Amino acid sequence: MRVLITGFDPFDNEEINPSWEAIKCLPTEINGIEVHKLQLPTSFERGVATLVEALFALRPDATIQVGQHGGVASLQIERVAINLANARISDNDGNSPKEKTILTKAPTAYFATLPTAQIVRELQASGIPAQLSYSAGTFVCNTVMFTALHFAATEMPTLKSGFIHVPYLPAQVVNRPAVASMSLEMITAGLEKAISVLAD
Amino acid sequence: MRVLITGFDPFDNEEINPSWEAIKCLPTEINGIEVHKLQLPTSFERGVATLVEALFALRPDATIQVGQHGGVASLQIERVAINLANARISDNDGNSPKEKTILTKAPTAYFATLPTAQIVRELQASGIPAQLSYSAGTFVCNTVMFTALHFAATEMPTLKSGFIHVPYLPAQVVNRPAVASMSLEMITAGLEKAISVLAD
Amino acid sequence: MRVLITGFDPFDNEEINPSWEAIKCLPTEINGIEVHKLQLPTSFERGVATLVEALFALRPDATIQVGQHGGVASLQIERVAINLANARISDNDGNSPKEKTILTKAPTAYFATLPTAQIVRELQASGIPAQLSYSAGTFVCNTVMFTALHFAATEMPTLKSGFIHVPYLPAQVVNRPAVASMSLEMITAGLEKAISVLAD
Amino acid sequence: MRVLITGFDPFDNEEINPSWEAIKCLPTEINGIEVHKLQLPTSFERGVATLVEALFALRPDATIQVGQHGGVASLQIERVAINLANARISDNDGNSPKEKTILTKAPTAYFATLPTAQIVRELQASGIPAQLSYSAGTFVCNTVMFTALHFAATEMPTLKSGFIHVPYLPAQVVNRPAVASMSLEMITAGLEKAISVLAD
């Protein structure tokens, strides 16, 4: 079994992105699963293009996209992506679409095709704070999640796909002491556990 | 130099107390300082008594009391303790004093005599989220902090004393995914750094 | 023009539901629009049935469902409803569906067909805190919002439909002083403004 | 009986200060008590000077200082003021003292001499969210509260004094929809109730 796991480069004036920092720490094999890692640009256009190109090249059995959700205290296993982009800040190419349909011929939303409830249960059983989330926002993360699910639905029906939002790392909130964070070790362990669930 | 660092036993239906879990992980010598560890009961009466007895026995140069503040996202270096006990929940002896003066012959408040601002600066410089806090609450933590400072002021004028509140551990919030936590490693590193500052 | 606005009865141990308290205060005509009011039971089954029956009987031009979202600080103009019910607590009939598809023949999600962005702009211009929300949760509110949008899509294509979540009233948080609330007057003014936008 | 109630002018880029907006709405007599209103500048130096001058001129039986605490959801009846100024932002004169003792010959702290617990009880009984607070911060509010209590202790021993922090008004958070606020009517009613308690 082969999994493509993607993180993003830093955005919104951050120097690191916890999604990519954690993915760098993952082993290349988990529970018998081949783990392929890819960094995506935090860009509405290039993020999606980079992911789709890799899916064609690698043809994995599953793909998990991972992104930063500043302020949350636990891993957010995203349940649904919507066909809407609405950016409050600019992406790394300077784009900030407003109330824009991502793909005009696609449906309103897709549910993740990963076993989301099982991932939450196994993360919690491992002592890792986690929950289902019902909104991946309307920035690049949701666009990438939505497009990957549409790509799977239309081009690679056996591909399982989904998204995990992760908290800030402690280093990002040193001067924002009211904002929650999670250690790199725990985020990494959470992603490893999520991948290992896919082998079941 | 000799430091007494204290943590509390679990309270409020928790099975662990992050203050004591972290203290157990500390080395017994930090930056040339002898580190003595002591668990206090989360009890208005016995907590204070246990601490004062240990201060007489050990006669340390400094003491740091550490306690759990569920919900905070960073280490809280307490700046002040007030002469007031007002408990919303029961302590581990079933006591919950209401609007009660802790010591009738003591002043309204004491400032911590540890170098609190320097501790915050050095924690942040080490990548550990931390801030000054101006209220240690009105439960057992504040009572212990206040009593230790009064004891120092009246009985052991060279003793430096202060209090650090720490977040929940991740294991405590697995099923409360909106509540902040901090890893055991980071809490422990923070306490070690706070002690090392005392050598300066 | 005719609008059906619905609120819910109290649930989750509350004695009132701010949605219905505010709707009771609305005039029966706003900006030339006939306002029809209806209380729905907080019930996955009866809530939907009551709404659909009223839509057939009244054949309004638009319908706004309103519900309580305890803890939010502003009016939440919901942008999307998903085809998923997942209840953490019981509804008023004792039901708590888990990871259940609401309507097996319906799509994954519907976007609200009310002018949501314009409503947010006009509320804010009137001094009423408001924002777009991208998740109506997975309890009765989302089920009613989803079903109304599906009903409109399949049975009454000209019907505009959407959902507004409102904060607690101050009376509900008197003993929970860290929880946000909004005055009855402001919630009512917000709903009145949202209806008046429909006349444009 | 005569009460001096003070609010502050706007600070920190706000255009209004809810403390003064509410005080302007108070009647000049409450429950047989003469109510005198005064606006203080949000200035470490002039705020205190303006208050002390008014206390000498008016010689009231009690004084309540009121200030804005952005982000809180309820009225905060302050229990204690500390002899420490530590400003993160500049006051309206451009001053931002760091770790500075307010009055070198004064004690570490003063408890409010208003019936704080009774005020909280009566506010809650009136349906107004309120709680005791154990930190008035370290900005101008705490300095004014501390200085007024020191003035009472040393110059006017019969003067009762204390401080109430109030939330933002809705108009201040229209574009910050996650931040709590309270209506002008409820803040005003809360201050009126707090004053009326003083007649008991």
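Read from first to last, the chains carry the letters A, B, C and D; within each, the first residue is number 1.
Methods note: a residue touches a chain if its C-beta (ideal position, glycine included) is under 8 Å from a C-beta of that chain, and two chains touch if they have at least 3 such contacts.
Quick caveat, the model's predicted, so the values are computed rather than measured.
*Asks:* Going by average Cα coordinates, which chain is farthest removed from chain A?
*Replies:* Relative to chain A, the chain whose C-alpha centre sits farthest away is D.
*Asks:* Could you give the separation in Å between the centres of chain B and chain D, each centre being the mean of its C-alpha atoms?
*Replies:* A distance of 30 Å separates the two centres.
*Asks:* Taking each chain's centre as its mean C-alpha position, how far apart are chain A and chain B in Å?
*Replies:* Taking the average C-alpha coordinate of chain A and of chain B, the gap between them is 38 Å.
*Asks:* Calculate how many whole Å lie between the centre of chain B and the centre of chain C, each centre taken as the average of the chain's C-alpha atoms.
*Replies:* Their C-alpha centroids are separated by 47 Å.
*Asks:* If I count partner chains per residue in chain C, which residues reach a count of at least 2?
*Replies:* As it turns out, chain C has no residue touching two or more other chains.
*Asks:* Looking only at which chains touch which, which shape fits best: line, ring, star, complete or other?
*Replies:* If you draw each chain as a dot and join those that touch, you get a single closed ring.
*Asks:* Any idea which chain A residues touch chain C in the complex?
*Replies:* Result: residues 79-80, 82, 84, 86, 99, 107-111, 117, 132, 134-135, 137-138 of chain A touch chain C.
*Asks:* Which bits of chain B are touching chain A when the two form their complex?
*Replies:* The contact residues of chain B facing chain A are 72-74, 124, 127-131, 170-171, 173-183, 185-186.
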